[in-house]
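Both of the next two complexes hold chain A, though its partner changes from chain B to chain C.
The block that comes next holds the complex of A and B.
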């Protein structure tokens, strides 16, 4: 049972490191909340409030207590999922987040699927045909994805595929007249409409997500393609590839059965990072497509100094990255026998 | 000698972008015998081996004749080569640390060599691989089948490599420095296993090496290569009677257990060797 104990130790180690990271994250958001130039009291009472009103609110917020006590209260609130109220929307921050985050997760998930499905094969193709025309063509394609500003491709995309061709839906998460038709259970529109059996709404939602998701996906596929190409080139020159060729495997079999297996771990890393970046919210594309997502929410709160909301958003981004790291770690173990020991 | 396995005449190999050819005008024939190819690093011996398997896509290969049994290696299509490689001609690479795929089970990699050329059920291929592991004297073969390359020692890894390359009963095996990555203590053991199987199955062996004493003991004939050319061909038993100054220099530069502690002679190279005809 040595193996079991070792596995236990690894699990405890991992859990411990997650805990420490989370705690560090809490300290960070707390410090951000305190050193930001925005005055939380002024944000509530306004510019014209009298000194007495200001002092009262100051004390209500607990700002007169010692730092450590404020931090302790903050941790307690977070632990009970009480993130306070957003000044801007007047609603509990938790409610807001649960409304905007699913919209972003939906968009980011479609985008990363598109990015990986397009980017990985293109990267492999470019590596196998290094310095030939296919490689050059793919380089141009991915450079374009990298260098064209997303708000611009967003507008052009809307013009061409929505206004002229009518292939996709326009801005928003669904067509106007469907709004409010589906009961909001998870706030994932595709899931909610599927649960309710509203397939019209479901189709409309798919129509609306296609364009922004593929544009976002295109820009992350540029990165994924280039990384895949360089990972693949590393592997192609390895000696075990020669072994596979000696055995009589064709080029294609060698690449997909042998080389590709060895780049999966690295691919997981970069795809997870790209996914994380998308989940932080793509403010520009959300703006162009009127997508009520996390990026717009965070930006709007930041601009007016809505500290409860900002701190919570930072916390959410941190938790997303921790979660992606944990998932990556698990996939490493699935893909590479050397990490299992 | 009956029909030769390999018949090579004036083979030259030039890498794309290289100033000169890496292998120049090499000619030899190989029957069901063991041929050693000896030379320093960079003498073109590994390039020769890979050119025979047509594994150098970017290199330019020219020859008057390059015949492997009934296959014209010079003009065979890639599709034809796929049926030759791993089935009738295979190659043992130098270092099992790098030549085995790190994320696949050793046994599966052996079985793949069989399944690539013979249609069969997975269980049958597995049994073939386990039998072959036993043939290279690995104990608990079915346990070793499920190990990953990082879980086996170098000597065992190289025996796995040998099993993989001999599983399909090829007619020709090229061994590219098969033991130079191994500890001295397991070298002989691995070589004996390889030698035993090669003799038993009547396989033609090309042993590429820089180790003269190894080639002397395990080969019938020896080609000495220098700067991409064969400078001398000898019977392994007559290695000491070599006449070419390069071969004699190589022999003299070898330490001997009973040879005292004097400073070993340094090989003096003569540019004329690069051009004169082979002896």
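The block that comes next holds the complex of A and C.
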């Protein structure tokens, strides 16, 4: 790959726009966290603190300074990765988040695998059978996944598959019995238990992740299915497909090798974006399944009004989102020869 | 003078009535969008007629009749305070409809305004407005709504404000993309040569052209709005008890779920049905209003 001048300016432009978006993100979290009605001092000192205590904390938070100065301090804190301390846990917020994030990543990764494994073939199937009953069925199936309130499906799933049928583990990441048995190294339970050779814990963890991950995956498969279908339709309508058919290739080869081969790049970007969207469902499903991840951490802090922790969580989600966008962009450039003009 | 008048042409119905009629007929021909329409009519019907349809007062507690399973006296059973779940669902439809309506009439105009202005003027205006849009788009909408509600304090009104604040960017993006496609079109230049002001061109020529796709998007959006509102209610950040909001009903029913399945099942089904209906309707509208997309759907 040669970096000519046009590509350089394009790259710089993109870097600049990422920077601007990040900066905007900071303004937004600053505005929500400091200026909106909730009183950050009250959240720390409680309702019946004396006036002196209130004023001291007020000054400690720097709320007596002018707005621009507060913002400047906020940016400085963020730049040095100092996000303050969580009121609830007493730990630095960043430490907290890094501790809970692996649980969510584990869940989301299983979910996206499920979503892609179900969604992509269904999308291809729907495109090949356009306007026939298979297409209609798949359309309803994927719209259902898109329309269901995931916290509700989670509860119904627990009721049916755990309480009644006993096919999967209940809430949490593993059975109560195993908690604390495996030393925490990476906080990815599956990896930790595999390293420690605790296969029973590993099995328990798999049992527990199956239900929430497949429900989450189902909801994201809706999007993947729709996009796959429309990408495939674009390909199938083109002349090279007719050529391939005339050449005498089997239907399976035409569809999977030729048409599908051409949409792989687009699919990678779609899956990357769907992964980001999973974070949203993760917040709700973690609450239902008592999954000790990012979502549970966020909601627990929301309910006690710990704005510092909440805004950091929002910032982290925003950064992950932007990062996924950039990654999908890069993947597109790497895999699609046409963008290498 | 002859007293026979020349045959009067039949009074023609205005154009939009015929257009609406055509669209409705189109929607009813397809089973999925017909289902969407029927559910929507049921929702509006139960919201309007809630006091008539409800068999009980949604707020009156009856501690002698708590957690009763569905029966002829209580169609969907009773909750932990002996309130009739069916009647609460009926009244809850008013809350759902209010949220959807308020969010849509806020988000539609804001999105249209930002999008058409950015698309029409281009250049620096475009850059600034689209950066702003991108910043909002760089969060999943539920997370951003959560943050807003956390700052404003949990209540139904704040949930509506929060959802509106997060739901306009996709509309703006869409309106901008539409505007860009015919910004250089002849009819726009013609209007400009006649001396029309930018405001007039945007309002009279561009906004109507954007309407179909924006309407489709808004309809699909309503499904998301309902899910987000229910999610906020579920987390205790939206409508507060004793309001019979569906998400909040699920949250309170959760504790009794194992023994009293009806507490969470029926509100959940209601949310699912309404959100599915809006999705199907939006899909159908796309076919009806946007023939370009017909082959992809």
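Basically, the second predicted complex is superposed on the first by the 313 of 341 C-alpha atoms of A that agree within 3 Å, B and C clash if a C-alpha of one lies under 4 Å from a C-alpha of the other, contacts with A are read in each partner's own complex, and residues count from 1 in each chain.
In the analysis below, a residue touches a chain if its C-beta (ideal position, glycine included) is under 8 Å from a C-beta of that chain, and two chains touch if they have at least 3 such contacts.
Not measured: the values here are computed from a predicted model.
S.K.: Both complexes share chain A, so when I overlay them there, do chain B and chain C fit or clash?
M.R.: Result for chain B and chain C: fit.
S.K.: Who does A:250 touch here: chain B (first), chain C (second), both, or neither?
M.R.: After superposition on chain A, A:250 lies in contact with chain B alone.
S.K.: Who does A:16 touch here: chain B (first), chain C (second), both, or neither?
M.R.: Neither partner.
S.K.: Looking at the overlay, what does A:121 touch: chain B (first), chain C (second), both, or neither?
M.R.: Neither chain B nor chain C is touched by A:121.
S.K.: Looking at the overlay, what does A:240 touch: chain B (first), chain C (second), both, or neither?
M.R.: first
S.K.: More chain A residues touched by chain B or by chain C?
M.R.: After superposition, C is the partner touching more of chain A.
S.K.: If you stack the two complexes on chain A, which partner ends up touching A:335: first (chain B), second (chain C), both, or neither?
M.R.: So A:335 only meets chain B here.
S.K.: Pick one for A:261: touches chain B only (first), chain C only (second), both, or neither.
M.R.: A:261: touches chain B, not chain C.
S.K.: For the superposed arrangement, I'd like the angle with vertex at the C-alpha centre of chain A and ends at chain B and chain C, nearest 10 degrees.
M.R.: Computed angle, apex chain A: 80 degrees.
S.K.: Could you look at A:155 and tell me whether it touches chain B, chain C, both or neither (first, second, both, neither)?
M.R.: second
S.K.: In the superposition described above, what is the shortest C-alpha distance between chain B and chain C in Å? Please give a whole number.
M.R.: For chain B and chain C in the superposition, the minimum C-alpha gap reads 15 Å.
S.K.: Which residues of chain A are in contact with chain B in one complex and with chain C in the other?
M.R.: Common to the two interfaces on chain A: nothing.
S.K.: So in the complex, the part of chain C that touches chain A is made up of which residues?
M.R.: Against chain A, the touching part of chain C is residues 32, 131-132, 134-136, 138-144, 146-148, 150-153, 223, 227, 230-231, 234-237, 247, 250, 254, 257-258, 261, 264-265, 267-268, 271-272, 275-276, 279-280, 283, 295-296.
S.K.: List the residues on chain B that touch chain A in their complex, please.
M.R.: 50, 53, 55, 78, 82-87, 90-91, 93-95, 98-104, 109, 112-113, 116-117, 148, 150, 161, 164-165
S.K.: Write out the stretch or stretches of chain A touching chain B in their complex.
M.R.: Touch list, chain A to chain B: 238-240, 242-250, 253, 258, 261-262, 335-338.
S.K.: Inside the complex, what are the residues of chain A that reach chain C?
M.R.: Residues of chain A touching chain C: 17, 20-21, 24-25, 27-29, 32-33, 36-38, 136, 139-140, 143-144, 146-149, 151-153, 155-156, 159, 163, 230, 233-234, 237, 276-277, 279-280, 283-284, 287, 298-299, 302-303, 305, 307, 310-311, 313-314, 317-318, 321-322, 325.
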